[in-house]
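There are two complexes below, and they share subunit A, which is joined by subunit B in the first and by subunit C in the second.
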Partner chain A sequence: MAPYPYAVAGVLFVAGLYGIVSSRNYIHMAVCLTVMQSSTYVTLICVGYLNNGQPPITQGAQPGKPLVDPVVQALTLTDVVVSVVVLALVLALALQAHRRTGSVDPDRLRGMRG
Partner chain B sequence: MNTRTRALLFLPLGAALAAFLLWGLAGLPDFGSTQGPYARYLARHATAQRHVTNVPTSIVFDYRALDTLGEELILFTCVMGTALLLRSSREAEEQRPSDRPTSAAQRHLVSLLIPVTVLLGLWTISYGYLTPGGGFQGGVVCGAAALMLWAAGGYRDHRALTPTGLVDAAEGLGAAAYIGLGLAVLAAGHAFLANVLPLGSTGTLASGGTIAVLNWATGLEVSAATVLVFHEFLKEYVQTLPGAAED
Partner chain C sequence: MAADLVPLTVAAPLVAAALLAALAQFLPRWVPDLTAIVVAAGVTALGVLLTLASRAHPIVYWFGGWRPAGGTALGIDFVVEPLSASLVALTGLLTTTSLVFSWRYFEEVGHLYHALVLALLAGMAGFALSGDLFNIFVWFELMSVSAYALCGYQIHQSAVVQGAINFTVVNSTGAFTLLLGIVLVYGRTGALNLAEIGEALGSRPPDGLVTVAFTLITTGLLVKAGAVPFHFWLSDAYAVAPAPVGALFTGIMSDLAYHTFARVYWDGFSGALGSASAAVRDGLLALGVASAVIGAVMCLLQADLKRQLAFLTVSHGGVFLAGIALLTPRGLAGATLFVITDGLLKAALFLTFATVVRSLGSGDELALHGRGRTPREALPALIFLCCALGFAALPPFGTFLSAALIHDSPGPGWPFPVLAACLAVTSAAFLRAGARIFLGWGPRHDPLLTSAPGKPGEPGEPGDGEPDHGGGGAARGRTALLIPALALVAAAYATAFVPGVAAEFITASHSFEQPRQTAHQVLTGHLPPSPPSASYTPTPGAWTTAAAATAAALALAAVSLRTPGSRPGRLRRVLVPPAKALKSLHDGEVGDYTLWFTTGLLALGLAWTLTLR
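== the complex of A and B ==
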């Protein structure tokens, strides 16, 4: 089968990156970062997929059909946790920036004050 | 650098990155055609070796349990980081929170849904090694129930029913139980976090040995961590009135 599922991941990554580059708002930037990170979930799940496969749960599994890759699914779980952690910290930083400068626009945070 | 220069700079770099990505993607094996050696091995032997039917959970809490310890500590650090960042400059600390009244329909509906959510979370954790689910997923669902307390009753009910001391202790207990089990196994003369408990019979709740214990430790830690993060962000969101805080 054609590599279209991987292309979905590529599009998500580049779209998220463009969002981060053009962002004028920290909250928007955090969402774009999440979009970028979701491309890694798609990549991992795609790498593990098998044609005619079944979920890697052996309870009630049909005999004879292969299981899709359980390793990348476990990795995706780690990836989701990291994504949530990063999102929480970025949002906390955005709140902090808003408190200090009254703005969530990265361009308004030019000067460093001691 | 203004937005325009930034966009101009991004266009060639983004195009180069996209081309690089496409080149890499073209070199990958065809979608759905190949599987790595570890995947083949685990798909064939995990259930027989560990007596659990959810193969990803056996990887998360047994074959790669050390990585999951790191993952838990990331979450632990994140809670500390969020609290430090938000608490360090909170000005309205001595003010008391005010609750905006919600509609009766919202209160009743969400109150009905809270026990359902808690049950769903506990079910997801407890059957995590048999059917899809696990400590991380169920923990987040349980944590969401605490957020629903805020939606149903208001901020003060939310804080009263999830006392910070208790949730802090639960988070620490979850993380400590994970590390403690690993050290206990080490003290018993096996590898760190090796699965040495009796494996039980496949397909029942009493199966998997240490997988079940680590699953519950993670569930506790994740639900408590989620609630603590909600606490910090809600403290920012909730309107305050002048006057002394209650806790």
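== the complex of A and C ==
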């Protein structure tokens, strides 16, 4: 297995993290969270991948060729479901922030500090 | 028999939550209230039952009957041992109390409230019991998502929106980190079951991948637990959660993440990291002591009661982490007992705040100066005093016994005096607040304290995150609201007098720290030998330290109540700049919090890369 997919996952993770650190917009921040979560999909899939493997469907599988790991694919699906819920929540909160302050800038929405 | 009941701890609240989400809008208000309370009380009873039933050896439950074959786990299991089960019982008890409280507290509550609280309960129970690493992540997310929604329940206030967004973004970042760590472990071992991971990693010294995976998993769980430097979201979120929800967050949710971390370490990684256990211990002790110190200092610098309690949660979480970090049965037993006794007190205090805020019109100790000086406020004042003294490990009650266990654990001696000092400081913050509110002592202004912006509210206005309620109803049903809090305080104080409780916890911790036996039981069904029975009485050193902590708390509260004019000017000048600098870090900016998260992750990773071998 080539290291490239892991590099892609690393880049996605760091890019998402950088986006959140520097974000001035809650919608942008929600997208950055999704980018960051994409790195977990890539890692999951490439951990279970086999060179010259075939899809994990036993019916009609070619004999002699290994199946890729079906567990990580199930995990990825679970992960996608989780990400949808979190994304929906952040967007709903961003919508509320816009209703309160007319803006989605974190600076306009201030609770107590210090 | 007890084994068949294990899945009910999560199934009952989940099924009830689904039914209530679908049906609650068509039912009169008392039906969801009563259903939720009955289910939560049922989980409490199950937790107690499982704690007692698992004393001889852990109970392993395989969902759907998918038992392991040839040492390979095919299904997902719950491993019930006394420590996890007692935390499930605590979760159930706090949820029951919180639901009883919210019955009277919310005049109107949306139809999803009960469903969300039950989903949170199921998430916490599953998180505490699951023996499968990916399943732990799923429960983590279920618990977190319900918590985000509950935290932002009074969504029409802008501080609430900010707190909930900070909570969601930082915790999700932590969750992805946790998941990445889990995936790397799976890539190495091909296993998700903790027992199997422990067997597969074996006792070979850790290589780079294991170190990275362990760092990622640790960081993910510590974000949820709110350890320094991952704690910044916690004060924003807990300070805006409605009181019954906040009581659950501060009482148990944060600390559960520490407990799960202890399980993941012992069951999964203790073999591989065994040769480097001193490095693990030092890294965790450093984080624990830093959390305890920074949380305590920030707690003392707040005027807002809910923020004080949020920082107290950070500080006492640090004590818990330090107890776990000692990697000894006594340390773990003390830490777990501390979570239970301290969690009861924290939840009681959070509920009491809500009644104080409602009847006196503010949650800010400076704004409330002397307002509680009426006989009507005697009961909240009493709860304040009991909780504050409990935080300082007042001998010989529940928190003292837990702190004494940590004190008497073998291991490095330097952390305990620091932790005891932190307990004293957090206690002093509440003694000071109580004296100011209920006795009218001390000045009305203190530039050192962070106060809510704007003018103090009039009686009857809701605080941040609290629901509106009809004017004039302030006094109605107050005693009924305070009874749950009083019951929790009584339970916390009485824990120390349950015969043999400390010895039982030491015995349970001893088996907890024998992961190969547990793994053998999980994977082959072979029952481990009964653990040796332990006995424990606090040493004189523990008595002295705890008594000193209580005395120090009283003294510090008295010092911090003196009027600014009479305090030596030089001391003030020395204190103000560092206090301001520390406070300026807690700036409510989620971007900055994420930067701290990244720094903490890299620092921990670097430290363990250099030392774990």
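We adopt the following convention: the second predicted complex is superposed on the first by the 108 of 114 C-alpha atoms of A that agree within 3 Å, B and C clash if a C-alpha of one lies under 4 Å from a C-alpha of the other, contacts with A are read in each partner's own complex, and residues count from 1 in each chain.
One rule holds in what follows: a residue touches a chain if its C-beta (ideal position, glycine included) is under 8 Å from a C-beta of that chain, and two chains touch if they have at least 3 such contacts.
None of the values given here were measured: they were computed from a predicted structure.
Chemist: According to the stated criteria, A:Ala97 is in contact with first (subunit B), second (subunit C), both, or neither; which is it?
Modeler: Only subunit C; A:Ala97 stays clear of subunit B.
Chemist: Scan A:Thr78 for contacts with subunit B and subunit C and give back first, second, both or neither.
Modeler: Both partners, subunit B and subunit C.
Chemist: Applying the document's definition of touch, where does A:Pro106 land relative to subunit B and subunit C: first, second, both, or neither?
Modeler: Touch status of A:Pro106: second partner only.
Chemist: Going by the contact rule stated at the top, is it subunit B or subunit C that touches a larger number of residues on subunit A?
Modeler: Looking at subunit A, the partner in contact with more of its residues is B.
Chemist: Pick one for A:Pro5: touches subunit B only (first), subunit C only (second), both, or neither.
Modeler: In the superposed model, A:Pro5 contacts subunit B only, not subunit C.
Chemist: Would you check which partner chain A:Pro55 touches, where first means subunit B only, second means subunit C only, and both and neither mean what they say?
Modeler: first
Chemist: After superposition on the shared chain, which partner residues are touched by A:Pro70: those of subunit B (first), subunit C (second), both, or neither?
Modeler: Only subunit B; A:Pro70 stays clear of subunit C.
Chemist: State which residues of subunit A lie in both footprints, the one left by subunit B and the one left by subunit C.
Modeler: In the superposed arrangement, which is not itself an observed complex, subunit A uses residues 13, 17, 21-22, 47, 71-72, 78, 82, 85, 89, 93, 96, 100, 107 for both subunit B and subunit C.
Chemist: Show me the residue ranges of subunit C that touch subunit A in the complex, using the header's touch definition.
Modeler: Subunit C reaches subunit A through residues 134, 138, 141, 145, 148-149, 152, 155-165, 168-169, 172-173, 175-176, 179-180, 183-184, 186-187, 192, 236, 239-240, 301, 304, 307, 450, 452-453, 464, 583-584, 586-592, 594-595, 598.
Chemist: If we count contacts the way the header does, which residues on subunit A are in touch with subunit B in the complex?
Modeler: Contact set of subunit A toward subunit B: 1-7, 9-10, 13-14, 17-18, 21-22, 24, 46-51, 53, 55-59, 66-74, 77-78, 80-82, 84-85, 88-89, 91-93, 95-96, 99-100, 107.
Chemist: How about subunit B: which of its residues touch subunit A in the complex?
Modeler: Those in contact with subunit A are residues 2-3, 6-7, 10, 14, 17-18, 21-22, 25-26, 28, 30-33, 35-36, 38-39, 42-43, 46-47, 53-56, 58-60, 64, 67-68, 71, 74-75, 77-78, 81-82, 85-86, 89, 130-132, 134, 136, 203, 229, 232-233, 236.
Chemist: What residues of subunit A sit close enough to touch subunit C in their complex?
Modeler: Going by the criterion above, the answer is residues 13, 17, 20-23, 26, 29, 33, 36-37, 39-40, 43-44, 47, 71-72, 75, 78-79, 82, 85-86, 89-90, 93-94, 96-97, 100-101, 106-107, 109-114.
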